[in-house]
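Alright, structures below, take your time with them.
Presented sequentially are two complexes of chain A, the first with chain B as partner and the second with chain C.
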Partner chain A sequence: MPTPLSASPAAEPLIRARGLVKRFGDFTAVDGIDVEVAPGEAFGFLGPNGAGKSSTMRMIGCVSSPTAGELSILGMDPVRDGARIRARLGVCPQQDNLDVDLTVRENLTTYARYFGLSRREARRRADELLEFVQLADRADSKVEPLSGGMKRRLTIARAMVNEPDLVLLDEPTTGLDPQARHLLWERLFRLKQRGATLVLTTHYMDEAEQLCDRLVVMDGGRIAAEGSPRSLIETYSSPEVVEARFGDAEPAEYAEKLAGIGDRVEALPDRVLVYAADGDAAVAAIHARGLAPSTTLVRRSSLEDVFLHLTGRTLVD
Partner chain B sequence: MLTTLLAARLPAVSGARVGAVMGRNVASLRSGPSYWIVLVSGFFEPLLYLLSIGVGVGALIGELRLEDGRVLSYAVFVAPAMLAVSAMTGVLAETTFNFFFKMKYSKTFEAILATPVGPLEVALGELSWAVVRGSFYTAVFIGVMVAMDLVSLGWALAAFPATVLVGFAFGAVGMALSTLMRGWQDFDLLNTGQFALFLFSGTFAPVQAYPLGVEILIQLTPLYHAVELVRGLALGSPGPGLLLNTAYLVAMALAGLLFAARRVERLLCA
Partner chain C sequence: MAATQTPAAERRQVHPTLAVLERQLHLYRRLWQASVFSSFVMPVLFLLSFGIGVGGYVGELGGVDYLAWIVPGVLASVAFQMSVGESTYGVLGDFKWIRGYQAMQATPVRVRDMVGGWLAYMLLRVLIASVVFLGVAALFGALHSPWALATPLVCGLLGLAVCAPTTAFAATIDHDSYFALLFRFVVVPSTLFAGVFFPVEQLPDVVRPLAYLSPLWHGVELCRAATLGTAPGWPALAHLGYLVLWALLGSAWAVAAFGRRLRK
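So, the complex of A and B:
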């Protein structure tokens, strides 16, 4: 007879935060957030620079103590059981901190030793992980000559060396070219398929849509919205968006003239966005008013639009 | 009582994790020639002083009469002091420049602290590695002293553990100071301090040669105790005073280590 789900310990959240606060002097980086992450989930913190994502990640990673609120990671207290929790985490920090004195393989074997693995086991896992992140042919290279994408993949391999229950990725693809990003996403997706729980921060909407089952939008240390990418788009945006440009004219002027078309009109510095269920119908309505935009683009609504709606600002400046 | 108090306040230290931090340094030592250059240069400095001043100037001075009435050649007097200096400089190179770089620039400790390894284990691992490295210098230096007939083999072996203690003491304090450094320019201050200690700690002349006030001042500084301890053993005349020197160095090692660990935690685990 199958055990009921509620009785299984796996149903306990891996991360549980209630009213979590982090202050640095007078500055409040994280301002009372509630978060729960279930096993096997890919969870995202989405927000611009300074939203409090990294501070939250450092508290979850047990390298920074909460100023106030409750936090439980893997059912333990991060202040008291920090070392025990960190033993089961894989951390990929925002800025690569690979060991430039060591070779690619040594970066993994040395790191494995911090988790108390034997030399032999460290070596075995290093070879396996280098295969996984497609760096086996660079095993004996130093770190410096590697490309940004390769370094990132090595950092992710390093985060996997202790076979963690929970993987923390702080802006895993920031600064990478599109090809490197797609390769990395593909690897992370495979990690998720293997059953790893992923928690990531990003300020890229496409990344959040690609990787996250569920996410929170953070702004100014608070959570502005929570849900799956799809449900957030459905709640805070319309299915389609028309991006209209009017040559050199001030978009704000045109926004007034477009009022009433679609669900909502938003003027950005260089273009006007028209949110509508049917983008093509909205374009037709714009032309019907005798307006002639220099270009129009109809696209699906994205998390970027959610963020714009929630905060009135674009995400990446 | 004191031990229970310490045990309650200190985080658990795992030997395996301290060993892993040391292991990182071993791996990086193997990785390139630049490191070996630093390693070798650290050894030659005290040796050159021994040859130029101990032997060179010593030939002019001839023999030296100590306070207890013993008469010995100047080189025999200076050599143990250079051994103590060698123990100090070898370890300091690692726990100042290298430690600072790893803490501030290469983010090595940040990466380590994301694992179960804690700040005290990082500090202890770095210090232990520095002492291992420094002990290579002192072992070779002792070999030179024995070969030049400046110390008997038996007393040289007795002096070796003392140099290890000197390494722990200076390494720990150097590491503590490194956590306070704002940038490379602050290391000039450290170098000046180190050089002053090197000149006046009873290294080249018995401290009794100075006015009483200066003598007392010197007796408060660390290298004096290192020189006294190492010289007392190397000259085969250990007295009860060596216990005081030992206690001074042990206190230095513990205070420096705990302070450094605390600072690493404050700087990197904010």
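So, the complex of A and C:
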């Protein structure tokens, strides 16, 4: 049953966190975050490794208890009603945990039984989901020889076997080649169109831009910014970016020489970024100062730029 | 995908403990022939070598021929070794390499279902192996009492008594090298000195209590009393109670250890 994508703001949120904290000993992984996810939404946690995304996901998935703060999932308390909440969640973990000695289909049917489904229903859903993730022809094959992308698709099919109200995807495409990622994104987009509520973590800005209606940028266990990919880019970056590389000196030296061009100049270890409303005009301005970059590239601003602006660091190192 | 569907728990068709057992049986289906065959061949080799070979020199023990005397001991020790052996890599591997327990953790399956499903699976495995062994022993004419039919149940209980703490231990450690210690300092001494091949009365007084500590000795005593139709060393209820205690404490430890490991 598809839920309208334009969920009304009055709809009870599926996830509500207030001042959520997770500590491991002295280390604070999640440092007081507020999050709300509405039904039908595709919501993302974007941030580098160690930002606290996975710890947050584990609390939402009711496998790790909050140290402090409030958390309500599907209107229930994850500590008290963990099993009841998990019955309605679909979880695609960061690290594959398929049963490699079982067949592709058996992986779905045994998992379906964990949710209490009858054998017949488990079998029916397994076949349907294998069609959906384009693995029907591998149904009787073992899991071991499948490619990384196929294993991920199987894990996503497995997460759908209980027809969840909320699907949690922790770094769904990390480690996949570009083709496998695009196939997976396409399937996740279909899922979203069917009305599923998706919550995902990623450190890929293109993934967040492709899949998320709304996202939070996390850094050091805190939320640095929140909004739609478009609005974040509009708020924290300029429309275009010039990436200029210079062969003969450190980017930092050139950053000083470029000061004043565009809105902002940022030096990375290998290149200088010039944020401007008009990229071509900025390139012209660089040349007008008598500087000759070895290469220049004009592109649209992305969430990577938002992250760089908010934290002074790049997402993927 | 509607947010207002019936909670899954209310239309549950199978208990999560049973679902965990089912997964184990699915995995076992791939190797059951080999496993049943070895649980048939091993006792035959044992009985030929010890019963007939060694027995030829030993003659009688406790009023019966040596073969009839060691059959119940070997039966119990097969259950013992199987329960320990399968619960080492079988459990650690499901945490460390397969991550099957982490997969279950994301579902309504609770920690007690994981432990319960695993113990139920091991109980089935031990029962099957004991029945096969008993059949072989009957062919050798080594069973002297209809009480022998109760030995698979004793072996099942012995299996739980050692499987539960071994499972807990396997869930606690991070490296499989600890298993070598378990075998060297627990399994092998137990098998050698817990009354399987010779009466514990032969042991010096100072070390005999160690044999009494081992669940295996209690299983051996009960099995031997059953196949020979004699009275066990201690009252049967004391032996049974001791094994039940191990099974219960071991299970509680296993549930705690699984919970701790999965919360990491």
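Rule of thumb we're sticking to: the second predicted complex is superposed on the first by the 306 of 317 C-alpha atoms of A that agree within 3 Å, B and C clash if a C-alpha of one lies under 4 Å from a C-alpha of the other, contacts with A are read in each partner's own complex, and residues count from 1 in each chain.
One rule holds in what follows: a contact is a pair of C-beta atoms (placed from the backbone, for glycine too) under 8 Å apart; a residue touches a chain by one contact, two chains touch by 3 or more.
Here the structure is a predicted model, which is why all the values come from computation and not from measurement.
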Exercise. Given the superposition on chain A, are chain B and chain C in a clash or a fit?
Worked result: clash
For this session: Decide which partner touches more residues of chain A, taking chain B and chain C as the two options.
Result: C
For this session: With the two complexes superposed on chain A, say which partner A:141 touches: chain B (first), chain C (second), both, or neither.
Result: neither
For this session: Tell me which partner A:14 touches in the superposition: chain B (first), chain C (second), both or neither.
Result: second
For this session: Would you sort A:28 into first (chain B), second (chain C), both or neither based on which partner it touches?
Result: neither
For this session: Check whether A:94 is in contact with chain B, with chain C, with both or with neither, and answer first, second, both or neither.
Result: neither
Exercise. Can A:83 be said to touch chain B (first), chain C (second), both, or neither?
Worked result: both
Exercise. Looking at the overlay, does A:174 come into contact with chain B only (first), chain C only (second), both, or neither?
Worked result: neither
Exercise. Given the touch rule stated above, what does A:67 touch, chain B (first), chain C (second), both, or neither?
Worked result: neither
For this session: Jot down the residues of chain A that show up as touching in both complexes, chain B in one and chain C in the other.
Result: 61, 63-65, 83-84, 86-87, 89, 91, 93, 95, 97-102, 106, 110-111, 113-116, 162
Problem set entry | chain C to chain A touching residues, read off their complex | 1-3, 5, 7-9, 11-16, 19-20, 22-23, 26-27, 30, 98-100, 102-110, 262-263
For this session: Write out the stretch or stretches of chain B touching chain A in their complex.
Result: 11-12, 14, 16-17, 19-21, 23-24, 27-28, 31-32, 35, 106-108, 110-118, 268-270
Problem set entry | chain B-touching residues of chain A, taken from the complex the two chains share | 24, 61, 63-65, 82-84, 86-87, 89, 91, 93, 95, 97-103, 106, 109-111, 113-116, 142, 162
Problem set entry | Parts of chain A lying in touch with chain C, wherever the complex brings them together | 1-3, 12, 14, 39, 61, 63-65, 74, 83-84, 86-89, 91, 93, 95-102, 106, 110-111, 113-118, 121, 162-165, 194-197
